[in-house]
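The block underneath contains the structure these notes are about, expressed in structure tokens.
Chains here go by letter, A, B and C, matching the order in which they are written, and residues are numbered from 1 within each.
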């Protein structure tokens, strides 16, 4: 690639070892200026091996050093030995991530309404709109083109990316990240039908509340509640293009992969994982720790700790069994045909036999 | 929740009874300043019970009054008795909904092109763009950051939310609501393949036409026609993240739930319901009143009045039967095994019998 | 329709014949000012018939001329005869497409950062943001409200539609089209779990690279790589609401229909077709020329040239067989019941027979 990546400052390997609490094997003064995948990393870069399956790749790696688990500490490169290389990587990568820069203060082209409370050390980019009565906590960065309505509350150290929209009255916690194009606080989908089959809108008067440390991907939609709140609890991570209906509650530290859709008033527990393109119907409860397989459609509540899959979703093991059963259908059809032939032969034998009881039925 | 919801003016219970044509049981002078769900509503709020299942919740409700069906008029709280509490609620809720405020007139930061026709009583927010030759009807509200291209026609009393995009030449009726991030009039997906397998773009020269009383959710995409128009007819309600291809026609008062996708040139009748994450292939016809179950994939036309489900979609009852059949597959496999054993035993019995006819086959 | 479509200049039929290399049958001086579908095209318009199925429609068509394949050259209207009418149409339609007009130059309300390199003949619309260090090639058009971050490279003759977002460091080739609301370069979805089940963000330090002649629909999301690049190769056409995860590679001239989702690090070959709402899990390889049926979920790598369908996806023919098998399940259940009855009857016959071997088992 001819283009240059984001600029990164160089750090001593010894410093990195301290940061992640790893045992250093090699020269503490090696300078590291970035991170790279095992196959591509070059001189000056740090790479990592989480799994001994990749031991052979590690041997031929061109990086200046490796983060490895204890099982691989005999690798020929300088290395940082620790229990959870992937988690260590996350922390090291923060060193080299040069987050998008936005000068502190409010860009002169931004439009900030009356009675807006801006904390210290914030950065508000060009053409940002912040409606009256809103409040932005210290250290929060709002990129160009983002829209915040009236009476919106955003906590401290949040990042709101370009062209995101947070509508009136919504409440966002601390260290929340909202990616581009995402809409927080659109109207819930609620109508009452009149006698002639026309749909009468039920005003959506509630809000969306997003708690601390939540990250929400790009082009998601999170509808405001009919009454009360749609509520994304602490530590949830939500991928791109996810739809969350009115009055949904998502418990702490749950993971929603891309293109998931959750209908109104459903509650999702803590530490739940919804894989890609999953759909949940409205008004059900998904217990703590539930995992739902990709593309599943869940139409009933699921008890804590279960893994479910399929349309409609059933326990994951049952789904695997059913899928295997479907793949066997042609074979089974052939088996049925052969059993039928064997029965026919038996019937013929018996009807041919002099004392065959079947012939008695004739009388 | 420590934050305040949208401000609402107080209304006398007697007035509300008149508005919805309900029989008042209790003090007409009770002041109501909002609406709340049965479990959470407190003093000053009106709640509702649509179903006698919730009679026990109603008994312990802290609201100042309830909307109830005739079957529940003996509830201990002051109440408004009417046939359709849910539909009544929709009308009452309008009283307390404080829609986002936007001062009348055109914000000085908005960019309005030449020959734009602006009706009376409109509100155009900050940084809105309206291209040349466009026309906006009276009472329409366009929130900050929305983009309207050239020669766009928007009727009266519409609401266009922040960061929505309506591209050149599209035609929007009256009382239409378009939520944030939605794109109206992106190019249809049309290519002709050349001999080498490269895709040659077919210019999309048509428009999108959206009729009166349509509501379109957040981050939807409605493509312009190749020729002619993509057409969303009167009264349709479309949820978030829905995709509508070029030259699609959606009949009056149809409902499209979140994440539905409709491929090019398909026509959908009136009063159709497409549940969440449904996909329709191109060039088919979905009859009036059809209902398609969540996550279904419809690959053939469906006659009016049918309910269909599954991938590929079949009549809903058949889908239920098939799903039950799949769940029985393991059991059926065991049944097959047992039948085979019984047949084997029969075969052994017959071959062991002196006069067994099977042995005759040898001759 | 009462509204006027996009303005189009008139062209002589003879000129069109030359442009597409067709044989002209009729008056070369007929003036054509637009294109229309067979059913609706009127005087002054050119229509087309790609398939002899539509011969009867062609006979009653009101257009001034038709593009037809050799099999239909006897049609009564003036016509242009060529081998591939659909591909010819694509080229003719370009004549009449009046692309959205945007005056050349940079609109005074646009915000262009320091050290931005703008090529000749570009058009930058109102309220566009271009971050510092970015570069825009000649002839590129960027519509109002689009956001380009810092160090973004956009080639020549691209079109970026309103409210699209291209984030820092991404690299876009020549003749690329990016529709409204699409987000290029949002963070990949990568977290490491700590001991308590909390998710620690892995900084996403890579970029998105989009090569020449790619078109990306509206409200798509293409995540930047964790390291390195997410890479959309030359000539790919991507429909609306498509999600592409970090480090995904899409080979040349592949087609992704609406609402497809591709998880991280998956590679897709050349000339692949992913139909609507398909999902691919992460870390798999989809070979050249593979076609995946609508709504399928692919959980394993697929070899070049295969057609696959289903959840989980299997070879398409196997999927058809399995689907047929599922539809036969009720019938099969009845067959099993009848076989069981026949076996029971045989068992009864044999136990009734004096020399039945089964009775010998008793001893």
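The rule we apply is simple: a contact is a pair of C-beta atoms (placed from the backbone, for glycine too) under 8 Å apart; a residue touches a chain by one contact, two chains touch by 3 or more.
No experiment lies behind these values; they were computed from the predicted model shown.
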| item | value |
| --- | --- |
| Angular offset of chain B relative to chain C [C-alpha, multiple of 5 degrees] | 120 |
| Numbering shared by both copies at the chain C-chain A contact, with half separating same from different | different |
| Inter-chain centre distance, chain A versus chain C - centres from mean C-alpha coordinates, in Å | 24 |
| Of all residues in chain A, the ones touching two or more other chains | 127, 145, 163, 181, 219, 241, 259, 277, 295, 311, 326, 332, 336, 339, 343, 346, 350, 353, 355 |
| Chain B residues within the chain C interface of the complex | 111, 127, 129, 145, 147, 149-151, 153, 163, 165, 167-169, 171, 181-183, 186-187, 189, 191-194, 197-207, 209, 219-221, 223, 226-229, 241, 243, 245, 259, 261, 263, 277, 279, 281, 295, 297, 299, 311-312, 314, 318, 321-322, 325-326, 328-329, 332, 335-336, 339, 342-343, 345-346, 348-350, 352-355 |
| Chain C-touching residues of chain A, taken from the complex the two chains share | 1, 3-6, 8, 34-37, 40, 84, 86-87, 89-91, 93-94, 96-98, 100-101, 109, 125-127, 143-145, 161-163, 177, 179-181, 213, 215, 217-219, 235, 237, 239-241, 253, 255, 257-259, 271, 276-277, 294-295, 311, 323, 326-327, 329-330, 332-333, 336, 339-340, 343, 346-347, 350, 353, 355-358, 360 |
